[in-house]
Amino acid sequence: MSGPAYDDRGNKDRTITKAGQVGQLRAADNRDARPVHSRDAFLIGDGMTGGYGRGADILHDCTIAVEKGQIAVIVGPNGAGKSTAMKAVFGMLSIHTGSVRLGGEDITRLAPQARVRKGMGFVPQNANIFTSMTVEENLEMGAFIRTDDYSDTMAQVYDLFPILKEKRRQPAGELSGGQRQQVAVGRALMTEPTVLMLDEPTAGVSPIVMDELFDRIIEVARTGISILMVEQNARQALAIADQGYVLVQGRNAYTGTGEELLADPEVRRSFLGG
Amino acid sequence: MDFLNALVALSNFVIVPAVAYGSQLALGALGVTLIYGILRFSNFAHGDTMAFGTMGVILATWWLQGLGVSLGPLPTALLALPAGIAICAALVLATDRVVYRFYRAQRVKPVILVIVSMGVMFVYNGLTRFVIGPGDQSFGDGSRFVISALDFRAMTGLQEGLAIRTSQAITLVTAIVVVAILFWFLNRTRTGKSMRAYSDNEDLALLSGINPERVVLVTWLIVAALATVAGTLYGLDKSFKPFTYFQLLLPIFASAIVGGLGSPVGAIAGGFIIAFSEVTITYAWKKVLGHLLPESLEPDGLVQLLAVDYKFAVSFVILVVVLLIRPTGLFRGKAV
Amino acid sequence: EDVPIGVILGFTGPIESLTPHMAQSAELAMEEMNESGNFLDGHTLVPVRADSTCIDSAAATAAAERLITDDGIVAIMGADCSGVTGAVLSNVAVPNGVPMVSPSATSPALSTAEDNGLFFRTAPSDARQGGVIADILMDRGIEEVAVTYTNNDYGKGLADSFQASYEEMGGEVTLSAPHEDGKADYSAEVGALASAGGEVLAVFGYSDQGGKGIIRSALDTGAFDRFVMGDGMYGDELLADLGQFMEGSFGAVPWSQGEGTEAFTALTEEAGVNGESSFTRESYDAAALIGMAMMAGGEATPEAVAANLMDVANAPGEEILPGELGRALEILAEGGEVDYVGASNVELIGPGEAAGTYREYDVTDGDYETVQFR
Amino acid sequence: MIEVHDLHKHFGGFHAVDGASLRIAPGSITGLIGPNGAGKSTLFNVIAGVLPPTSGRVTMAGEDITGLPPHALFHKGLLRTFQIAHEFHSMTVLENLMMVPGGQAGESLWTTWVARGRIRREEAEIAARAHEVLEFLTIDHLADEKAANLSGGQKKLLELGRTMMVDAKIVFLDEVGAGVNRTLLNTIADAIQRLNAERGYTFVVIEHDMDFIGRICDPVICMAEGKVLAEGTLDEIKADERVIEAYLGTGLKNKAKTEAEA
Amino acid sequence: MSERIHSGAGGTDRARTVLLFVLVAVLILGTGFVQSWNTALVILNMGLVSAIMSLGVNMQWGFAGLFNVGVMGFVALGGLAAVLVGMPPVPEAWAAGGPRIIGALLLSAGVIALAVTLYKRMTPGRLRAFLVFAVVVVGFFVYRGLLDPAKEAVESVDPAATGYLGGLGLPIVLAWPVGGLLAAGAAWVIGKVALGLRSDYLAIATLGIAEIVIAILKNEDWLSRGVKNVIGLPRPVPYEVDLQQDPAFVERAASLGMDPATASSITVKLGYSAFFTVVLVIILIAAQLALNSPWGRMMRAIRDNETAAEAMGKDVTGRHLQIFILGSALLGLAGAMMTTLDGQLTPASYQPLRFTFLIWVMVIVGGSGNNFGAVLGGFLVWWLWVQVEPIGQGVMSLVTAGMAEDSAVRDHLMDSVAHMRLLTMGVVMLLMLRFAPRGLLPER
């Protein structure tokens, strides 16, 4: 019943499983957030300022937005606050200034579960699969809020990631790093969300899978789903992005279309690895 | 040389009691394992939860008996079960509301919850004794035996008797049915899977739209039902006494752990392992061998591997040995 | 003025179901003395309860310490289990010079404990009971028994002394197996005992503890149908539950012949106390003796209790039964002498412990039936 | 440096590593690539003593090290990082690094009672080194932050930083690049080359970023389905049809095209 | 560096520590003023012992994350040491079978050693399995054949008063380190076998082993009289009665305005307090020094993530064994001290609730991972354990105050007043953890 040891459940390979702690996330308490309204978008985290618990602010007047059916990509150095911004948009980080709006509706005060029901899907950067459940059950859990028949979506996910079909009866905790990442993305796709938020979906996946993944993301966006993602494989990501954000120390440093950012030599040198 | 008598003697003193005791332990261990699996802590209050639920059943049984209701050969207590479960559920849900929920929100380490559950144990402990007192209560009625030793002897003409109690039979059947249902529930139903998901990764469960409070609620309801059923069956077979229920905690935990914490099937297997090891290792084979061997070879001594003094020690030795061979129990990770 | 008397019994723990009755019986005696109006002028006996837990010496010691130093108790009625009694005696009672009268600590070892003349008990040492039970068996022509005892100093001491006497008389103990109280299951014990065999099963345990569990399990499996029982097994609830199946069983229990017990039974019935539970008589007597010893000494002090307890308990003097405490106090006030008989036929011998007469009983028609006294 | 002979690692019926044999030349920076699930991490784990092999042998500088526990291998100069960061979450970033050096006097109980002065001196040295490493990784401002509070990439950096705390002979890097900013990754690549050149470290690098591999690795080994599929310089590997089919995919050509255009 | 960590406790943490310790002092002193000094000292003495036990558990759990639920067993071994060291030998019993018993024990040790060597030296296979098995089985029967009659002979020497071999008749204080060693030896064996297990599985294994230790203590009468208990252990301090008969002492007591009985019992208790305090302080300092050093850092690293620590060159198994032995030795030491304080060994009183779980409550309520927390928890929880009885009774009389003298509810409640004790304990524990969910003095 130790901390980490206690929580070690079902994971066989301890070198690729993080001995999990108890959940770290908590639903934000944004009751007193001072709203900001700078512009409109389908999903927008507008002028967000806030941080973890009682610590210093991580985000400073940070704005992230994505339009319907478009792809927005967030890039920036490590620790810039990209994941933090995603969490803020999803209601897992208390912000004291700013607002989050979805389709014009202010959702700043909604709990994460409620946001899921509003059509938002999220793949966090770490701990993003149910390790003790099989691959198939992971996907089913992705479709938890769906009441319709989701076997088609599941077939699509299996098409996209054939390895998952092969391993569908295996506990996800036994998969390799890249395979887990595929499960995580597949899980989010199962939700059939209106907005899909991905935190570094391609970390650790092989080139061939990454290409397919990006292709698929474009396809998904074409069906009218908005995509908001953080990427370190920034050049490929920006290449398909309608909108790009560069965050530095919790602030918007550069904003523009994907092409604009790719073309900006300063951005290339400092953030995209030349 | 009398094979039949030997077999009957062995069944009567080893197999039947161990199977019954094993299923009793298993039912208790199921509750423990479920809480461990889903709410992630070892619940020390489980023994006293069982006592409390059983107390509810006893009070209801007395009331029913007062009304003259009976179930014929079956104990009236079975009729009173729903009432007991309801009372027990109310208690655990109230506890969760007042106590556990706070710590869940705080995301405390599981060991804190373990200690908290000890506090809860003390409180339940007092509550039960306040209401029904510390003494022995009998509430069984109906016919005690499916077949008694005497009847068996009369029927078969054998020298040895075989007794099977109604409560033993009910317990075994219940244990099997409950495990099957639980297994099905956790692995096949949406709610069950959402419970496993929650236990695996709370944060992600939240992100999938699973309502944690509902998971917790369902878990406690199942636990209350399990605890009450287990406690009642145990009480029918032996007798009800709050202190004994507290003492049951140790073998129950042992069962849950040998079987693999978090696994319902493991709980059953663990219950049987503990029960059989307690009963067989210290069994004196004199009687059985006496039937089997020709008269000239009949043993003088007891032919006992170890004195019953070491009964508990032995069951723990077995437990340790099992763990050394399978360090995370027999059924780790198969379910829940 | 209040005279606080400690009542230190295991209100929680393994014998928690016996102790309330014991405490009530003791308190009954104190009340009786108070109500008679004859107790030391203007003094009232006030029972102060504390929990010995029966097993946790440290907790018991702390509780006793608190009673003595905080509540200022003058004497202790208790403790109950031999283990904690020994601890309280040597750690608290002796250092503070407070006398203890235990109603139920029966371990032979306590006879030789260093007590500075402060330790008394109204229950006989188990050294004697073993012999009595062996006699009973021999008289009935039973020469082979299996024995099971509760695994503590009481059970072990009794089983040992029984086995020694019985074997000396030519009997055979096929197996002497301990059982732990409060456990869930006794199949293993019963299995071994059945295998060992014997005409009857001797049970030296507690009637609402493992002892009962063993009997139940032995009956259920048909391993034994007759039992011989020690004092801890005497209790109405046992017969209420299992009596009909135990026909022909028998046993011994410390008991006084005739009047004393009856008087006590009447008394408890009237007061609504369960006087049939084990050690209630001894508890009543222990409390009564403490009060009378004070009276005899003319002061409510520990010294008075320690000095006079033997005198009031034994002859010479007028015989006193339960319910007659008022009269006893009167006699003592007048400078007379009493010989307390009480509920358990008190006769203190040697180092201040009950000599003990035992009632041999049969279980007939689901009830206790006296055979004779020994 | 390291030789792997016909190594097998089975999980139940599944052959994660299925008869892999390879040689890591001393002083090289060897790249290890292959599709997801090829068995790369498993191979690492077997070499590093975390998992016992089903069969096969591993030697290091001619000495058989099969089945040695990880801590023994560490002291032989074999270090590794984890694909999923394994930070010591309740400790500060600085402490995460300071715990690494082996054979610290202060790690023996007795010394902590009798030789406080010696410990203090030793600690000062280690702390200085740790600060250097943190500076290099651009996370020195986080020295006193709890490791649990780092961002995903920062944890990977910390993971790398640990291997820089001691003088190693061979370092296994399991996807240090995943989740690390590309600009920083270039700096890391430089550092790896410097360590390799100046201190003679041998590196084995698992990575899915071909740029990174191309920048520093020679030779490159490609694994698939638990076996070594191809071995050679990056260009040779890139040209290998089987590698393209199993791993690189045709997307690489498109990407190369986009890059040429840009 | 270590200095930095040391002072890194920060002002508020330190203030909190001081404040809480003052609170405990107030509680104990208050007990002295309100109830009596004897009671206060009884609580203090057991508090000191509890603090050592809780430090032991804290080492294992707080430092290294080892879930030892076998506290009771180690404490009992310490108690056994007190008997083996302190009691006078029983010559008749030695004559009756002493050497034979020693021989049997040596034989069993030899058999185990042989079996282990065979297991280690031989190549795995049927032959090895068979040989090891044969050695063990034959050894067991020879051992029993040798031991059983000797045992019987020893146990039949005046069973009511002795019936055992007795001890060495040495000063009882020597039993304390011996208790520690005995526990450490047991911990070594257990650690070798069971430390590979993780968390709860280790827990149940240690719990089981503790039960085995108790079973041995209860049933091996020749060793320590089994359930018949050993009473009247010698003491490191004078007897009250002797003091009371010492005119000089009586005079001094009178000059302080105390009656001799009270004065003597207080003096004796203060004697124990002095001994125990010295031990506790030494241990606490050593533990603090260790914790705030690279050793402590390594331990925390191991606790946080064994896999990574192992990869960083830390011998996790070895360190686990080290700390398991160390913590257990403390438990044994405290056990011997406690038995000395009690003056008797009563195996039946070793109950998991009291000796394992209560100690755990102390560690967690105090704050695991923090030595001062563990000590604080030891004192506070012990104080509670003793005081909940009067508190419970007080609460109950408050509750029933408004009820009619003869109301049935009141009677019922007053009858069950004893059960207020555990109930109160539970409620207070829950309240404390509510306000300090990570313990009163959490780890930084």
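First chain written, first letter: the chains are A, B, C, D and E, and each begins at residue 1.
Going forward, a contact is a pair of C-beta atoms (placed from the backbone, for glycine too) under 8 Å apart; a residue touches a chain by one contact, two chains touch by 3 or more.
Quick caveat: nothing in here was measured; it's all calculated off a predicted structure.
The minimal number of chain-to-chain contact steps leading from chain B to chain E is 1. Shared contact partners of chain B and chain D, listed by label, are A, E.
When every chain is reduced to the mean of its CA atoms, the largest separation from chain D belongs to C.
Set against the C-alpha centre of chain E, every other chain centre is closer than that of A. Here the CA centre of chain C is 74 Å from the CA centre of chain D. Note: centroid distance chain A to chain C, computed from Cα atoms, is 74 Å.
Chain A and chain E, compared by their mean Cα positions, are separated by 51 Å.
The mean-CA centres of chain D and chain E are about 46 angstrom from one another, to the nearest whole unit.
For chain D, residues touching at least two other chains, in rising order: 50, 82, 86, 89-90. In chain A, the residues that touch at least two other chains are 1-4, 6, 14-15, 19, 24.
Touching two or more other chains at once are residues 42, 108-109, 111, 114, 129, 133-134, 307, 309, 312 of chain B.
Contact residues on chain B toward chain C in their complex (touch as defined above): 12-14, 17-18, 21, 24-25, 129, 133-136, 138, 144-145, 148-150, 153, 161, 163, 165, 234, 238-239, 241, 243-244, 247-248, 251, 275, 278-279, 282-288, 302, 304, 307-309, 311-312. The touching residues of chain E, counted against chain D in their complex, run 1-3, 286, 289-290, 293-298, 300-301, 303-305, 307-317, 322, 326, 443. Interface residues of chain A facing chain D in the complex, by the touch rule stated above, are 3-4, 12-19, 21, 24, 52, 55, 76-84, 125-126, 163, 174-179, 181-182, 199-200, 203-212, 232-236, 239, 262, 269-274.
Chain contact summary for the complex, chain E toward chain C: residues 35-39, 42-43, 46, 159-161, 218-219, 226-229, 231-232, 239-241, 261-262, 264-265, 268, 338, 342-344, 346, 348-349, 351, 354, 385-386, 389-390, 415, 417-419, 421-422. By the touch criterion stated above, chain D contacts chain A in their complex at residues 11, 33-38, 40-42, 44-45, 50-51, 82-86, 89-90, 138-139, 142, 148-154, 156-157, 175, 178-186, 208-211, 246-249, 251-252, 254-255, 258-259, 262.
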